[in-house]
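You will see two complexes here that share chain A, one where it goes with chain B and one where it goes with chain C.
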Partner chain A sequence: MCRRQLLNLMLIMGVLLTQTGCWSSFEIEDLSLYGGLALDEGEPTETEQDLNKQGGSYPRKNLITATIQIVPVNSFGSKSKSDKGHTAQYLNISETGDSLLEILRQYSVRLERMVIGHHLKVIIISTKLAQKQSMDQILDFVLRDNDIRPSCTVFLSEGKAMDVLEASRPGEVSAFRIQGMLRNHYRTSKVMKGVNLSQLDALMNSKRSFVLQNIISTKKDLEFAGAGIIKGETGNWIGSLDQPDVESISWIKGEVQGGAIKSYTEKNVPVIYEIKSMKSKMKAKVQGDDISFHVDIQSQGRFTENWDIKNDPSKAQFMEEAEKIFEKRLSQMIDSLMWKMQSKYKVDVAGFGECLSIQHPHVWKKVKDHWDEEFSQIPVTFDIKLKITDFGSSLK
Partner chain B sequence: MISMWSQFVSYIPDWTTFMQAGLTLLIPIIICYSFRSLHSMIKEQNSTEKRALSTDSSGETSGSKLAGDYKSDVELIKQAIGNNCDVHFREFIMGGYEVGATLIFVAGMQAAEHINTQVLQILMMNAEKDSKDNKSLPSNSELSAYMKQKLLPVCEIKEVVDIRDLNQSILNGHIALFIEGMPNALVMSMPNEKTRSITEPTSEALIRGPRIGFTEVLSENTAILRRQGRTENLEMTMYEVGNYLKRNLVVAYMKDIVNLDLLEEVKQRISKMDMDYFAESGYVEQLIEDNILSPFQQGQNTERPDRVISALLEGRIAILLDGTPFALIVPVTFSMLLQSPEDYYERWIPGTLLRILRFFAAFMALMAPALYISFISFHPGLIPTELAISIIEARQGVPFPATIEGLILAISLEILREAGIRLPKPIGPAMGIVGGLIIGEASVQAGIVSPFLVIVVAFTAISSFSIPMFSAGITLRILRFVGMLFAGTLGMYGTVLFFLLICSHLTKLKSFGVPYVTPISPFRINDWKDLFLRAPLPLMKQRPDMMKTQQKKRRS
Partner chain C sequence: MFIRSDDKISTSQTSIFLTNTVLGAGILTLPRSVTNVVQTPDAWISVLLGGVMIILLAILMVKLSQQFPSNTVFQYSKRIVGTIPAAVLCLLLIIYFIIIAGFEARVMAEVTLFYLLEGTPVWAIIISFIWVGAYLIFGGINSIARVYQIVFPISILILLLSYFLSVRIFDIDHLRPFLGEGILPVIKGLKSTILIFTGFEVIMNLVAHMQHPEQAVKAVVTGISIPIVLYLLTVVMVIGGLSTDGVLRSTWPTLDLLRSFEVAGLFFERFEFPFLVIWLMQMFCNFISFYFNASLGISQVFGLKAPSVFFGLMPLIFLTSMIPKRINDVFNLGDAIGVMGIIMFVLIPGMLSVIYIIRKKGLKQDV
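Then we have the complex of A and B:
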């Protein structure tokens, strides 16, 4: 009786053991995360060329060079806290090929720990690559992959993308720094709201043109500088916008959360308007086949900095003058952007198309296939109202 | 038609899928059957033993009676229990009547001066005065009545004829008196049991609340219960338990509140209990519980009279055993284990908050290491990036996988805790320092465990201390290890599986017919007032629905 019970128990355990599906545990210390991914046009790095010479090669076309930023660096044994600031916190490693997945797997022949993409924060694409290949092709794997989160942000770089990942101060990981810099959107609208993978997916699928934040870098430092335009139809990079243009896009879209407008008085000394709040209303007008837009921009702000020490900010007349100056400056900025969008590049990246599709969906259906061309002919009027509410806590 | 059929066929999976499905179906069936057979096996053994014993004891009960002859009776007692060094036979001559008498008692169990003043003095001296009126003793049958009515100023006194009864009452601390010419023995009780004073219950300390706790003496415990409030509805029924060493057991309940079926069930189970000796109320708990294989307790043990009395008012039943300060409350529901009397003594907002905190702590005590292991070994993507990086850095050079590491630390913590209980009080804190600080710190320094795990395990331990019922804490501690094994093999999937397994077991479990997780699982919205939330007292107008009490309302 007892033996049979024991036999039954063994049988149960045996069945249980064969049933368990996944024994796929990977201890976290045996993994390495990559926080940043830089995509350049295919050009093997020196290390790679050396390795290739010795036979480390496989059949491939050199279309793309992917650099991943691995954190933390494998440092065996406990390192003392003091040298944490001096050694590099990351390891950048590049590989060239024609398939992103194959490249990522190729790292396994060079690294002892497998890389996982869960914690990928930023993807930087060089404009040269984006000029040659469409964004759809470049990012196809990233969008399909299950590990990589849709919250990952995409940037462009006019230089080499891998240099951006190199550029960092000691003790700092540039991928995380870039991600952190995005938060400064509310300090200045020169920093765009980041475009993450899921938004990018939607933009690419709807064939709309869009802008991505541009990053420039030196050996030691990096900076957000304007934006690159991706043409919706082709998915290629066609040109750049500078920092005031990025600000102007935010003004038109009504996404400004903070920042300043600087202008010069008649005496050619700077005065500064600090934005406290802003509202923007875009209206599409349709008359027959004619489409036109009107944008109403209203803002309240503070007269924060004044180099014109002769004039007294407490005087209403001076404030009204100042408001005019700032309005003029803003409309100049916007005009410059409109010229670039309508004449230079012939794209719409400020959300006019979206406005039309919401307000007049029937008209949108007719024009949406050739919207960028259509947009370059459409008149856009602006009504800008800046209001200075106060001049800070000093009278001078 | 044919094409449709072929399309239909193409969707039917191949035989391996069916095979797998069949095997998977077998698992719960096999588990269910094996548990059932195991359960019935235990139950069977219990009942067969009982039958054998009951025939034994029935032969014993037909005890012999006293013959009525003074000398031979005393001799009979002497033969039976006279070998004991502590049984004293005090022979004397009754003053005035000049008849022989013997006092039999056990040394140390009576107050000696009471024997001297209330028995010996009266029989040897005062009886002389009495004898002047009577001249001769009353005849056989009237003698005992005469003694009880006229001579002995003792409250508890009775006539005993049965020898076995007599022996037992002498050994239990009664005094037996034999007088020449009296056919029976007189048994008096002047107990002087050494008891400890009533102290604060150490296992269930409160900040606010009565400081009174049960003691080891049953009569005192019942008296404490009576003293909680005046009512004629508190009924206590006495049982004698134990085959070899007998002890008294009291079942207490409110006779107009308690559910009568429940009372019947409890009484039946108590009378069915079969054990040579009941050392503690834990014996009772284990013998009357529904499910022997469950890790969860099905009787709540408590030292606090206030807890018992409020349970009685909810319609529960208390079982008190002589010789232990722990009373048992049945039936038990899961929420009771996480409630403290203080929840009701404090205002309802802090009471509610503390209770929710305790539920959270219980969850953490059960799941925290399992969650940690599944995050570390299976789902690195679920950890925030910064934390993931610092965990990777901290775990560089840790030689074991997270499961083994967790087991090492958790087991050593259990050893520490066990050792802490055994140690004499002055060494206890030193032990904590050595174990907690030095071993913890040193093992991190030595790289055997990672500092994160130390945090997790310490947090788990503190969480398990915050559970008001000690034995419920043990249950969670045991299950924690099972959870760690599940997490170590199947990751988050296993952790969820483990949680579901516990939930399904709890929903199936019953304590005296009351479902264990009752306000949640057989959903009773009225009882939710006293589950996670402790509703303000004016809102708690009714006794718990789950107890199916005779009286529903708490208010008049």
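Then we have the complex of A and C:
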């Protein structure tokens, strides 16, 4: 009896001992979590060149320079009071090579804690790199990896991508700031809806051209500035759109959630229309082999700012005049975008292809392989109706 | 051991048993496998039509089983076609169940290794899975059914919660055009949707264990309708969230859907982990069902004692699960199981019913 109890006790102890831990767990303090990844053309940084001179090299082609932003750099131990507010919250570290995985593993010969991608939020790709390599090649590893989640957002940068991660105010982590800035989409449509990795994967598989938000940076600050166009067939960057173009795309797609249209009256003073709501309806018409599109844009808004002090915005007549002015401005913006899409770059990035594929799937099947070329010849008409519904809290 | 008078399950337990037998690892790859064949966003129609067909087939199986009260397919098949042919048929069915059990364990291990327990050896996961399974099976069908009753609401809740949260990336345009290329792709997709319901054959054994076998049709319709609804929801949410192009590029599309968004402010920020952890229980239930039915078959066909069958099957299932060397082999095995399922159907309920009807009409006194 006693022996049996002893056996039971030993069994219980055995179970307790084996059940307490994970097989291959890591303490979070022993990890370097990176929140941002910047991909540039392969060009070793100064530190790297110095290290290479000393013999710290391995066989590789310099195709890509990857910079990771490790946060927070001093999570434990060395938080002395004098440092507060002065030291950076992150560590940016770059490596050059021709394989992203190899580069990430190469950090292990430079850092004491292993880098891990579970918390990667933003990926920034320089347009120079995207011009040379296709997006498919650049992002292949990121899409295959099991640590990096497809929820992270992809951006382009016309300057060096690593500079974007460097540009930040004291105490701030630029990767997290960029992620936060995405939420401003409902304040102005100059901020695009972020494109995450799984959406990007689908876009690349569909071979459609698309746009990604462009980030520009100075030493101290960064800004969302327009968008870069990725050509579907090649997956390369082919050119940029400016901020009004990005807004126009949102107008055509009906994704505008807020923002303003500014225009000038005859006296050349600014008047502002604040968007309260908008709707856009795209219709593809097919007659024989001829495809054409008609886009119907309707919006309601507020007369928020008026520099034309002689005129009274509360008067219906002035409202109607102003509506015409705003409509003209929006139509100019859209025309400029259409010119860039149809003549300059010959791509469709405003969802016309999707519209055709939904409304006329049979026609789409015939043209989808050379849609970008086809699209540049297709007539598109717009019908824009802006309605001013009120004029704010001031009568005059 | 197997057919004890007290070891009966209620009608609702039968439904849940059937649901848990069908619903397993398949949900992780389902949107891709169906879209791969259909190639249009209409994959969900295939799932719906396929499901309705499966219900009809299952009802046929129930009707056949009801002719032999308290007999499993392993017992009544010899009364229809004779001892030797029946033994061959049953052996095929047993092998089929063992392969599915091994496959389920393997898929479970693959996903767990990739996303949750990187670095854990594959045997450590599968063997512990089989051990716990064997322990449960010793308790008989009643204990299994009760475990199912506990696991089922939890796993369904977390599944529905995950899908509900993924509404934020859902885009109805990804599911359009509706029938853009006509009904033909949908029909083609039927083949692959029937495959995801493999395992519903266990109903031929379940009827024998029911307290009220006369309610078997009701149990089957409920038991298969639940997976149909959940599969439908899966295909709609995953294609709506990732679009067909995205689904085709993803190895585990359902997990990729959950990996594509983060929920700020909720207890969990990322839902693939809670989902996977809970879904492990569902895959366990799924695995148990085939383990149990395979052992039931061996013990009844060869007249062996239950414990020796349980222990004997453990290494066999483990080896089966380790046969595929690459992940491609795992997916190919999955497709092969689907084809086997169709052959099984033609041979067992199909052929048996035909022979049964002929014999009943011809020589009424014989059966």
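Definition applied: the second predicted complex is superposed on the first by the 365 of 396 C-alpha atoms of A that agree within 3 Å, B and C clash if a C-alpha of one lies under 4 Å from a C-alpha of the other, contacts with A are read in each partner's own complex, and residues count from 1 in each chain.
Heads up, the rule we're going with is that contacts are C-beta pairs under 8 Å (C-beta built on N, C-alpha and C of every residue); 3 or more make two chains touch, one makes a residue touch a chain.
These numbers were taken from a predicted model, which means no experiment stands behind them.
Chemist: Considering only the touch criterion stated at the top, classify A:Asp221 as touching first (chain B), second (chain C), both, or neither.
Modeler: A:Asp221 contacts neither chain B nor chain C.
Chemist: Any idea whether chain B or chain C touches more of chain A?
Modeler: The partner making contact with more of chain A's residues is B.
Chemist: Check whether A:Asp335 is in contact with chain B, with chain C, with both or with neither, and answer first, second, both or neither.
Modeler: A:Asp335: touches no partner chain.
Chemist: Mind working out whether A:Ile116 is in touch with chain B, chain C, both or neither, as first, second, both or neither?
Modeler: A:Ile116 sits against chain B, while chain C stays out of touch.
Chemist: With the two structures laid over each other on chain A, which partner does A:Asp98 touch: chain B (first), chain C (second), both, or neither?
Modeler: After superposition on chain A, A:Asp98 lies in contact with neither partner.
Chemist: Answer with first, second, both or neither: which of chain B and chain C does A:Gly35 touch in the superposed model?
Modeler: first
Chemist: Of the partners chain B and chain C, which touch A:Phe176 in the superposed model: first, second, both, neither?
Modeler: first
Chemist: Can you list the residues of chain A that meet both chain B and chain C?
Modeler: The answer is residues 22-24, 149 of chain A.
Chemist: If we count contacts the way the header does, which residues on chain C are in touch with chain A in the complex?
Modeler: 114-115, 117-120, 124, 173, 176-177, 180-181, 242-243, 245-246, 248-250, 256-257, 259-262, 270
Chemist: Please give the residue numbers of chain A that touch chain B in the complex, ascending.
Modeler: Spelled out, the residues of chain A in touch with chain B are 5, 8-9, 11-12, 15-16, 18-29, 31-33, 35, 71-72, 74-78, 116, 118-119, 121, 147, 149, 176.
Chemist: Using the touch rule from the top, collect the residues of chain B that touch chain A in their complex.
Modeler: Result: residues 23-24, 26-27, 30-31, 34, 37-38, 41, 375-378, 380-383, 385, 388-389, 391-393, 395-398, 401-402, 447, 488-491, 493 of chain B touch chain A.
Chemist: Show me the residue ranges of chain A that touch chain C in the complex, using the header's touch definition.
Modeler: 22-24, 143, 146, 149-151, 196-199, 201-203, 205-206, 354, 357-359, 361-362, 365
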